[in-house]
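What follows is a group of structures, each given as structure tokens.
Shared between the two complexes below is chain A, which pairs with chain B and chain C, respectively.
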Partner chain A sequence: MSEELLKLQEISKSFGGIRALKNVSLTISIGERLAIIGPNGAGKTTLFNVINGVYKPDTGRVFFANVDVTDLPAFKRTRMGMARAFQIPRPFPTMSVLDNVMVSALFAGKFKSVGEARERADEVLELVGLANKKHELAVNLTSPEKKLLELARALAPKPKLLLLDEIVAGIPPAEVDRIMLLVRNVSEKENIAVVALVEHVMRVLKYVERVIFLHEGRVLMDDKPEKVLSSETVKNIYLGRIYD
Partner chain B sequence: MDFKKYYPLIPMFIISVILLAVRLAAPELSQIVSLALFYVALGEAFNIFTGLTLYVCFGYVAFVALGMYGSGLALKYILATSNPPLVTTILFSFAVAGFFAFILALVVGSIGLRLRGAFFAIATVGLSEGLKNFIEGTGIWGGSSGLIIAGDLISSYGHETYVFVSTELADYLMFAVYVLSLLVMFLITKSRFGYGLTALKEDEDVANVMGVNTVRYKLMTFVISAALAGMIGATKMLKDLVIYPPQAFAISYTVEAIVITMLGGLGTVTGPVIGGLVYSILKYMLTVSFPGLQLLILAPVLIAVCVLFPYGIVGWVKRRFRGTLIDYLLV
Partner chain C sequence: MADPGYLAFYIATGLLLGTFYGLATVGLSFTFGILKILNSGHGSFIMIGAYVSYWSFVILGLPPLVSALLAFLIGFMLGLGLYYGIVSRILGGPELISLVLMFAMGILLQEFAKFVWTPTIRGFTWDLGRVSLFGYAYPTTRIVGGVVSAVIALGLYIFLYRTKVGRAIRSVVESAEGATLCGVNVNRIYAISLAIALGLTIASGGLATLYVSGGIEPYMGDPYTTRAFAIAVLGGLTSPFGAFIAGLLFGVIENLSYVLLSLTNVANPFSMTRFIAFAMILVVLLVRPQGIMRR
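Moving on, here comes the complex of A and B:
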């Protein structure tokens, strides 16, 4: 049994009358890669916001690396090793690509000197394939490049848990494979757990070991990818009959 | 040790040496040089807060004025109680000046810097006016009749030293404060602190999520900037030897500090130096050739510069020569 990294215990969260999450419990192990799927409005992004501290759950606890982090603000969880790549990239626009990644390494990671942070940033930019753009201003990048920068910023602090919010949405299919392959390689090399939120599961299927199906704020299935995708419920609610 | 990152200090060193050399070699130009030194120092101190965070304090002159009062009071106090050497007196008055401004910034900043951007600017508008009215109304520190230190200096050190202090020493002290501000600004931009501030300036929310303690960082630059402004005030006190509330708290100093940093390049290290030089020379020449009209002519000139060079002179040059040696050396 591998060691657990993140544990959600009976999480519920409501917005007014809408119950976005209903008693969600799940455990993620160190180095594990999984996808959370579900239709629009299933509660995927709310779940992420509860995990990284943007929202506090109404009930339930969040444990990260055996510490109860339910009451910790986002930036403290970031410093503990949670990294999140946002669905809509929000780079520091008039800073260079390199500086963008350096800020993350300096403040979210354990790189306390500018020199060390620059080395780390160079390393990560090489990894995601943005090394030739490192002196460009972030505002001048194309949309797929901004996604890569978002990924680089998330990886720079050497996180233990990487939360990818629709990292492949709006990316050309050929690039999706490159990005997902890269994520898998880093995850294997540095033992990073990866949670990917995706609406189109087929695009990332072969890169994950586990799929959680979220529907109307509940975990309906939590199993190996092929099992989840062959289940009747998932076909009915989410995939539609064309995958038969 | 990576010495390369200190190469941008070379052009700054050259500019500073030229300034100092002109002051030493051409006493007939001393009036314009001391004007330039004051504006360059003021611009750089102002830049440390506003250039690095993009927050504007409209009551900024209060720190200069409080520095003047702090040094004046310290000088009066120390000369009344003992008869120390000149160096001790000056060092003591500078320390008190910096401390006065520091405390004011700490109080104003800890409350005000929880506000965002424009709201902070609005909150600080009343700062200098409020302090001025307080001093005039309560009559403390000489009230509206001002604080005069000329007599104290003459009786303690004699007439010759007194003349030397206000005509020579004050200029060199201003030069020292200018060099200090320049170095502080340069070291901040090259440090982890500086990266956090740049992130904060670009997007305060994202910076916070990335682990930057934004409120503390804003406060730190504010108190550093204020303490330097206080020391500029101390030097100005030695130069003028007298302080009256309406002149000390004149809003024009705040406006001039904004203009100088905008003109030179907000947030750049060398910007206020270039901006301060251009501004003081322009102001001096206009005062000589069109007395009384200088502000009227200066305003459109400055508006034009700000429209044509929104990133300031240094910012424009850096963009024009992006990626070249000039971009690298001109920080």
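Moving on, here comes the complex of A and C:
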């Protein structure tokens, strides 16, 4: 279980004069589930963008499955097994739900033929509970359904790492539990590492084994959830705000 | 004049002409829908196609339908070269840059044609006889050309909706960012799309010789640029099939306005035909600004 999947080595990234990430190093193991928390502006999204290749870090290296991927574009990292689901889903609006998932299975996954991709897409849509909507256009889905589609698209290629970008923001608590339970089950079954980026950690706490607390571009804590949440620093900077 | 065969003749020839207009516009919509580039030099690519058709016929004895394949290949290679040489470097920049670039490409091609082939107006006749229907004779070449254009459009449809690469192209049209996240190499899709678009445009220029047997010269493309822009807008701008259907409609409108004008005797039908066609497009767009195809 402790075999290393993703390693960030002293990553820094600035935008103009703003240093969004300062010397961030961390390691994520195969099949591990963790949450990255921190107040707005902590650098969470920048970190995700550096991990999946949207941004290149100014300094530092990114290793994925023992390969230095720092210079690889996002689509190549996707093909290596990094999947990302966005806070604001980016579906192909006037393509069917099935086609949406098939594109991902075809290009990010090992499913080379249209037929194989369709089978895989059906399987994943069944898993997330969108099978009955597969012929609908993505634009006609409700907001939680779009999140499920985003998840299905991320899972279709059988990734090794699933990056969840505020996947549970803006949806009702019952749905949050359903989605997170689903994520945990798939993660356990297919040995997928999950990194959930959340502002409100309480909503996903019971589904993760580890919490990284990011503040002003630095990793302030990286430990078991209960330890991070009981730390005075975290309480002061982060939890205080929420429960004030 | 009240003869229904007479009207049917003009509608049918309008549809046949429309298949050419449609095919000549598909590439424009393709480029705009996928790369967000408006090919302001569109007509010059059509002109190149007409020359390919002419020289293939005169030197090699190839009929236009065969040389259209050659024209497609030339356009495809040109598209790849243009993409990797220039377009890939300006993507994401201000739209005006790509507009000026394609405009310049158009002028470059015109001057190239003038330089190597001189401004002489050229033409040739490919004759397969006529087919008679309800007392009216249709040139066989145009019927064959119409069928071929329709088959190409259908082929493109199948390519986009049934194949792996077709799905990738559609996904890039919808969201380039989303496509990247699905593992699609967006850069390569752009290259392939520009190649297909220019291939189809130059091939359609080859088919143009079925309609303008005597008008092949370096500046022949300009009227096609304006027509294609109007047709593309009518078809919803980003939809290749919308463009094809709109092309059919435009061909019929153009022909019928010719008939209408010949009935009235107020104006020279030839000089007014395009005016009427464009005026009708304005009316259509006032009613449906999103084009005829979009829901």
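Annotations for the structure displayed:
Everything below uses one rule, namely that the second predicted complex is superposed on the first by the 239 of 244 C-alpha atoms of A that agree within 3 Å, B and C clash if a C-alpha of one lies under 4 Å from a C-alpha of the other, contacts with A are read in each partner's own complex, and residues count from 1 in each chain.
Note that a contact is a pair of C-beta atoms (placed from the backbone, for glycine too) under 8 Å apart; a residue touches a chain by one contact, two chains touch by 3 or more.
Everything numeric here is computed off the predicted structure, so don't read it as measured data.
Taken together in the superposed arrangement on chain A, chain B and chain C clash. With both complexes superposed, C is the one of chain B and chain C in contact with more chain A residues. In the superposition on chain A, contact of A:Met221 is made with neither chain B nor chain C. Once chain A of one complex is fitted onto chain A of the other, the partner contacts of A:His135 are limited to chain B, with no touch recorded for chain C. Shared-chain residue A:Met102: touches chain B and chain C both.
In the superposed model, A:Gly115 lies in contact with chain B only, and not with chain C. Once the two complexes are overlaid on the shared chain, A:Leu182 sits clear of chain B and of chain C alike.
Of the two partner chains, neither chain B nor chain C is touched by A:Ile237.
Residues 74-75, 78-79, 90, 92-95, 99, 102-104, 106-108, 113-114, 117, 153 of chain A touch chain B in one complex and chain C in the other. Every residue of chain B that touches chain A in the complex is listed here, in rising order: 2, 190-192, 195-196, 198-199, 202-203, 206-213, 323. Chain contact summary for the complex, chain A toward chain B: residues 74-75, 78-79, 90, 92-95, 99, 102-104, 106-108, 112-115, 117, 135, 153.
Interface of chain C with chain A (complex): residues 162-164, 167-168, 170-171, 174-175, 177-186. Chain contact summary for the complex, chain A toward chain C: residues 52, 73-75, 78-79, 83-84, 86, 90-95, 99-100, 102-104, 106-109, 113-114, 117, 153, 157.
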